[in-house]
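Take a look at the structures listed below.
Note that subunit A is present in both complexes that follow, paired respectively with subunit B and with subunit C.
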Partner chain A sequence: MTDARQDSYDVAVIGAGMAGMSAALFAAERGLSCIQVGSGGGLLFASGLLDLLGVHPVAEHRLWQSPYAALAALAREQPDHPLARVDAGSIRSAFETFVTALAAAGLPYAPLGERNRNVLTSIGTVKTTFGVPRSMSAGVDALDARPSCLLVDFRGLREFSAHQIAATLGRSWPGLRYQRIEFPGCEVVPELYAAHLARALEAGETRERTIARVKPLLGDARAVGFPAVLGLARAGEVHAAFEAGLGVPVFEIPTMPTSVPGLRLLGALEAAVSARGVRRRHQATVRALAFDGNQGTATLELDGVPGGERVRARAVVLATGRFSGRGLKADRGEVRESILGLPVQQPTSRETWHQRNFLDPSGHAINRAGLLIDDAWRPLDADGKPAWPRVFAVGSILAHQDWMRSKCGSGLAIATAWAAVDQVARQLRVTAAG
Partner chain B sequence: MNFLSFIQTQVLIIGGGVTGTALARDLALRGVDCILIERHDINAGASGRNHGLLHSGARYVAGDRAAAMECRSEGEILKRMAAHTIQDTGGYFVAVQGDDERYIADFPSHCARSGISARAVDVATARALEPALSDRAIAVFEVPDASIDPFQLSLESMAQARNLGARLMRHTRVVGFERDARRVRAVRVRSLSGGEDVRIEAAQVVNAAGAWAREVALLAGAPIEMTYSKGTLLVTHQRLASRVVNRLRSPGNADIMMPGGTVSIVGTTSTHVDALDAIHPTTAEVDLIIEEAARMLPVLATTRFIRAYAGVRPLVGSAGIADGRAVSRGFALFDHENHGLDNLATITGGKLTTCRLMAERAADLVCRRLGVTRPCVTATTPLPPAAECGGTEPGRSARAWMRSHGVHDTLLCECEMVSGSAVDAIYAALRSAGDTPTLTDIGLRSRIGKGACQGGFCAVRTAAHLYNRGDFEAQRGLAEILDFFGERWRGQRAVLWGEQLAQAELMEALHCGLFGEELPNAGMHDAPRTAPNADAAAGLAP
Partner chain C sequence: MLFQTALYASLALCVLGLVWRFSVWFRVRIGPDARDVTPAQRLAAVFRGATSALFSRRMFHVLAAFFLDVLLLRRLFAQARLRWLGHLLILVGFTLLLLMHALAPLVTAKLFQGYQSTLDPYLFLRDLFGAMVLIGVALLLIGRWRRRSGLPQARRSIDAAFVALLAFALVTGFLLEAHKIASPRAFYRMADQFIGATDAEKLEPLRAFWASEFGVAFDDLSGPIDANMVEQGRQLHRDACAFCHAKPASAFVSYPVARVLAPVTGLLDDARADAWLLYLHVFACLLGLASLPFTMFFHVVAAPISLLVNSAAVNRDFSAQSFSSEARASRRALALDACVRCGICDLRCSVAPIARYLGNPGLLPAHKLITTGALACGLLPRSGHEDEALRAADGAFLCTDCGRCTSRCPVGLDLEDLWEAGRGDLAAAGLPAPAQWLQARPALAWAESLEPGPWQHALSDAEATFAPLAADRGTFSRCVQCQTCTNVCPVVAHSIDPEHGVDLTPQRVMNLLRLGLRDLTLGSRMVWDCATCYQCQENCPEGIRVADIMCELRGLAVRRLGAVRGWREVS
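On to the complex of A and B.
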């Protein structure tokens, strides 16, 4: 019986984006039995880069080389920011645990260290980030040293122009060249899709033909960059074959969604949590959630499971994300929390949700809306008290942060999941002891 | 004494909206040489910010019969002469419970008096044909309303005028008039792209600057009385009705829902404004439109909107009237002879539907002054379609892409099915006119940026495409993506809730979260992006 429906768990994690996956992973690592509800669709938009904290304060556009120094400044200047509630030691542990699990699932990252890194993006901007997949790390070195370097793209991959990147950076990187090639077997296909290319490159013959087309273009290049399509589940093998075949370091450049590194991350995280015994209901949504009076055990009623399902859990971690993750919903009047109807800290009127200018330095007020929490990561009710004793909230649904401008999305997810799961474990221990 | 370079022409037209471009075409067809200067781009003002409604005239039958009849006859002319820019959808006038019964009862006879066909339609039949109509509808009449693409109309008018020798100077504004005793000797203009001012010496000058006509006339020392009425409109995610749907009542807020290809357009409001800058749709206007229009079309209460936009109606005369709707929507032609000028005219006010007639009247005045005797021919000369001008028509580039079956012709926008070759044609046409085309120029002439992503994806792809063609160099792409998406954003912010808010969040995650477009020097790593680094500045350097 591998598919037995255990109907009672220590923790139910609602949400399967970066925060939900992190919470499920950390809970399982602590030996808590865990069920996870929700799709990982949000990870398809992930770049594969793990930001920790790149910009602070947002309005000043100040970039940091040390994320930990940035976190210290954040803690002093914005103590209500969710990341200000997590100590640096916990953040280090959380990230190490996270990338160790990814590596074990076949998705290795470059050693984390203490510094942010600069990574090229597909439109030629430079992104400050923290955790870099190994397949992208030669690009960090190349961007730092700016040697003779070749960027290759594939005709038909519409959102990735090597010419654009080289032209955008050309003045400061004279040795950056670009070449466009036909993807083997797709010479008469007008539009190429990153995920298809990634899968095609797992076939040895396509890979060898691609390498053979690039090799004559190398010239004096000391590194070669590609759009992030070098393999899907077997990306490590594909990347190694490219490096061996071309004889120089090879790196991937993150692309627009749907992103292959996002697919890899989703696959690796699913494998990691499943390997740790987490039960997943990835097509289910929570219709209702109620608590027993005395025991405080939660009952979740699930939709999207044939016949419906009822699950009991001693603690619930809400990792449902913001608007695109459906954790928050807005109508013309206000923002609401989708599952429990928790109060949402928000601007007073819709006229102030968004700035007139998209790139306004302060960011949009709506992006700082979200749940307020107590010191134990429990969302507050209208009276400012924990809404339920054992409901916890993590990730981007939390108020007082603007992860898109701060470049702290993954950090927010991973660090808050770590800290909240720590609280979950404590609470359950206390209950067990009591 | 000055050494500015100068250009000579018979007629200088100021303003590239529907009136100015129709005037350029009218004059060119009469063999008159002209230059049109436009501060921004074609249809940048109210000409590009309206319903796209070709009025049957029925909306004005009760209050302004002259305007109604003008609309009727001009609508009929445009349906014959510019049929390819028009979707002859027909229109309904719909009353709901609580609407003025007297107005409803009088409507058919008012229409008849103006010569406008208005056929009573059984409410159940109307609701079967247009299921979006409220079950509280009590009366429906069918009228010959239609939908017209103002961009295609203006672009093709200008294209034909240019083929006949007219010149277009975009991104060029008037900075001053040089006057002799009773004449404008020259108009001094300045290009947005910099460079020296240029003097344009024209025998006749026509101010067709729409809402800006008062400012332009003032520069010439010829004050005219105008008021401004701001109108806001909403664009739905999907088309909700096949016909034009009008509220059967005395004109008020949110009376009209237009079919606009794959979407519907709902509006408008009418708010008096004193200034023309910083015009943008507000959330209060959006809410007002939805609440009011939902009485006729309840689906609007729950539908997804992808965009809002606002334009300013130039209303002539009657300064001090608070509600713009009380001022005539008729047009005005000023000959400025009372201002001591014999070679300046201003044509403003009016409606999209009457733009051809406005141009005819202005051209008649100009030709009389020039001694040109050839008559206006625009009422009898079809507007020739121009391949590069039809890109704003929904579905058109999709059809071309299907037919051409080019192996390497990729779709840059999948929502609106805009192909690389469609962008190339627009680019080449602008280029051949000596312009340096921008993403925003391409957006105005195509469906790029018009779908649900509002440019978030397709602007990036179009920039990549233009790099691959060698059209973009250096860091231009980044700046253009920002310009284009920023402009699209201004139209989105008032309709961001529900699904469209989720979409906007994804776009910000991409453009800010991943690309960091909001950061200075985003493409220039060696500019002081990380150095002097913040860590050191904060005294926390490792």
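On to the complex of A and C.
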């Protein structure tokens, strides 16, 4: 399974965003040999927070404290929503498997539990989410209890303002203070970048000097918040050192994307899938995908590999995302699926893609466009039949969902990947037995 | 008398030339660190170094180098077998020819009693040695032809003339010998001297024998020769000639030539070919002797010395650090002379494709060695040759210091040390590296002098071919300004000094490109400080070739300005 020359795999995952990474991870955990094609760059836009389902229905913007209750409501009221096709037990298993793998790759999460949590954003608003990195979990508690709390930022780091957060929340959180400090060693640098600070803080000396600058400002603070720059590859170690040095709970607040938590997530997922023997072609794109008969294999022709490459796989998982992931392409007339040219469920004309009001609470029809699937997660062709027996589609490319407004991006990716990989395993077993 | 005078004159020229070339090793200053060292200090340092090596264990390294590197050409063997064979043939053939043939009265005659050039084995050996040199030269020429890469090879016309002279001396030598074998005139002269030419009774059988067995081309002897006559002649030959004459067939090159020349031997005899061939042969050899120190064939002296000097280095990696700065200065000058212009470095050079692309052979090591020498001797830059200096500077600063030239050099020259010194000299001569002068001004100031009018948004056709990524909006239009490139950039991360740090971050460079303000980026420190680590390109979520674009922008800036013009603008 780990032979470098192997060019034939059980499953080829196209896409390396949240859904593609999840599919590759779950496939490898099931012992399937797997190749993954595509850049994980999209993950850099992630905040590290794992949403499951926060809002339902979208038009009412109803927030749920229990994601599983929200899922049950979704299943009743929108049965064609992809998340409605996955049972709660599978979703629990999928999330547990996912965060366990991340923890093993050096990115620990707070225990998931059954409830959504509220997290501070870098502009002082509150976001509802489900999975919270351990480095941010003290912020959830602080936001709930609102004790005396200090927010720290660094002069020159333009993407994060403790002042702004405190100004937004100050009225409902009287104990919230903010302080701006100089980042050690960068006193004359006009502009700072989060990832560079994160790397710098992995050096013990910079860390100690930062802690020493914050300590006199603590006062009666019972918790301290920082922009999410506390380490990159060794974030756990840096966070622990800050808590030990300051003697109070320390939490990170995600900065604007692309952010350090996004870099951490990308790094941890890359490490997790690679450690499980997944072959990665992270600079490649799929030029062509062809199928050899009904029960045969798929052949992927790759671009972006020196000299090109051909890969054969018994099953294909399409996790190519929407427009920014380039899984869907839109032109003046219509939206098309970019690799196989699969039919895309979409509004009949371009005039009906969007509402008149950009911020219309019910969202836009184009955002719910996507691939239709059968019960086994196989995208349908123009006749409503599976396009090929072992092509599966997961993540945001699926129709009938508006993950941004539902706050269900990670949940959609992880849960559908889990369910589809389950189908992949089944299908391959059937083929092997037959 | 004429020969003697010519010989002494040539010898004197040769010795003067050698002294001059040796003196260069102590006079020429290459590199900034050589500037404050006097010739006397250098001479003393070399003397000190040589004595300390002589009386230490390093002497064994020197001895090993002498046998393996100097005599057996070990380093060339590792690089090119055919050339090694050719070179070894020349080395052995020429040395033995010199000792046995040219210096016969001094060497061979003293060592071997009864030496006669017309006796075996000397007769055979002379042809053998001559043939070895000829074959060797042919092999090297074939090798040179096979290696032609489209770029001019580093050589001077005087060196080519010297090769022609060497070949000419060999050919005239063979012709002279061939003519003497076939010449009736030479036969009669010898016959007259040893048996009395008037005695027809003796002369006829001897003629018959020499015509049939020794290939003398008598024009009055035709048709089958009487066997009895030949037998009589053999007796006479045994008594009078055999002491000095073996069968010329053992001169395996000249004898067949003599047979070919037989029909015209009479004509040649009448034209006194023996005399003028001798003159041509001797004067060619003497001219070679006199001019040797002034050609690159001086390497027959310099290359062995260079090999031995390097073998005496304290550090076994032969690095420049093994030598004092005084000795280093001399070692560089010695390297200039020891280069054999074999061009192996050019073939292995990492930037050779760039040299081909730019059409500037000044990038290639063998060429660069010549310009480094010219620069040190004050021959560059000179008025009327600014272009040459500019090309030399371009070449010097495009070198990546990969060290392949040094590791492959069959003479073991420390070329990296030479390049570093040469760059120092270029900077001192007013030709520093583009990155140096480009940083003297902010990007905005450069943008103004890079373009005559308002900043051009489109590249000219020539520039677009040269910089296809920068010319194509599709390359960077997908940029969403997410700042990932800046976040992962180690140059930005280490840029903690606003005075000299980066001015534009990578994502700002991309943004200027998107806005069509490309010329604003050309002189920016970000573009010129880029370490080409490719982190930006690897991590870009939109798959934009950020690092490749940076490279193009640097090339574009240099192309627009030219190194000399750009530097003059800031100086």
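Keep this in mind: the second predicted complex is superposed on the first by the 428 of 434 C-alpha atoms of A that agree within 3 Å, B and C clash if a C-alpha of one lies under 4 Å from a C-alpha of the other, contacts with A are read in each partner's own complex, and residues count from 1 in each chain.
FYI, contacts are C-beta pairs under 8 Å (C-beta built on N, C-alpha and C of every residue); 3 or more make two chains touch, one makes a residue touch a chain.
Please read all numbers here as calculations on a predicted model, not as lab measurements.
When both complexes are overlaid on chain A, the residue A:Arg350 reaches subunit B alone and has no touch with subunit C. Within the superposed three-chain model, A:Pro257 lies in touch with subunit B and with subunit C [touch as defined at top]. Applying the stated contact rule after C-alpha superposition, one finds that A:Phe160 touches subunit B and leaves subunit C untouched. Legend: residue contacts after superposition of the two complexes on their common chain; A:Ser39 is shown touching subunit C, with no touch to subunit B.
Comparing subunit C and subunit B on the residues of subunit A they touch gives the larger count to B. By the touch criterion stated above, A:Pro190 is placed in contact with subunit B and with subunit C alike.
In the superposition on chain A, contact of A:Ser8 is made with neither subunit B nor subunit C. After overlaying the two complexes on the shared chain, residue contacts for A:Lys407 are found with subunit B alone; subunit C is out of touch. Once the two complexes are overlaid on chain A, the subunit A residues touched by subunit B in the first and by subunit C in the second are 45, 188, 190-191, 257, 324.
On the subunit B side of its complex with subunit A, the touching residues are 280, 282-284, 286-287, 290, 406-412, 457, 460-461, 463-465, 467-468, 470, 472-475, 477-478, 481-482, 485-486, 489-490, 493, 496-498, 501-506, 508-520, 522-527, 529-530, 533-535, 537-538, 540-542. Those residues of subunit A that touch subunit B in the shared complex are 45, 47, 49, 55-56, 61-66, 69-70, 72-73, 114, 118, 121, 123-128, 143, 155-156, 158-161, 163-164, 167-173, 180, 188, 190-191, 254, 256-257, 322-324, 326, 329-332, 349-351, 353-359, 361, 364, 366-367, 403-405, 407, 409.
Residue ranges on subunit A touching subunit C, taken from their complex, read 39, 41-42, 44-45, 185-186, 188-191, 193-196, 199-200, 257-258, 263, 283, 324. Interface residues of subunit C facing subunit A in the complex, by the touch rule stated above, are 480, 482-484, 486-488, 492-493, 495-498, 501, 505, 538-543.
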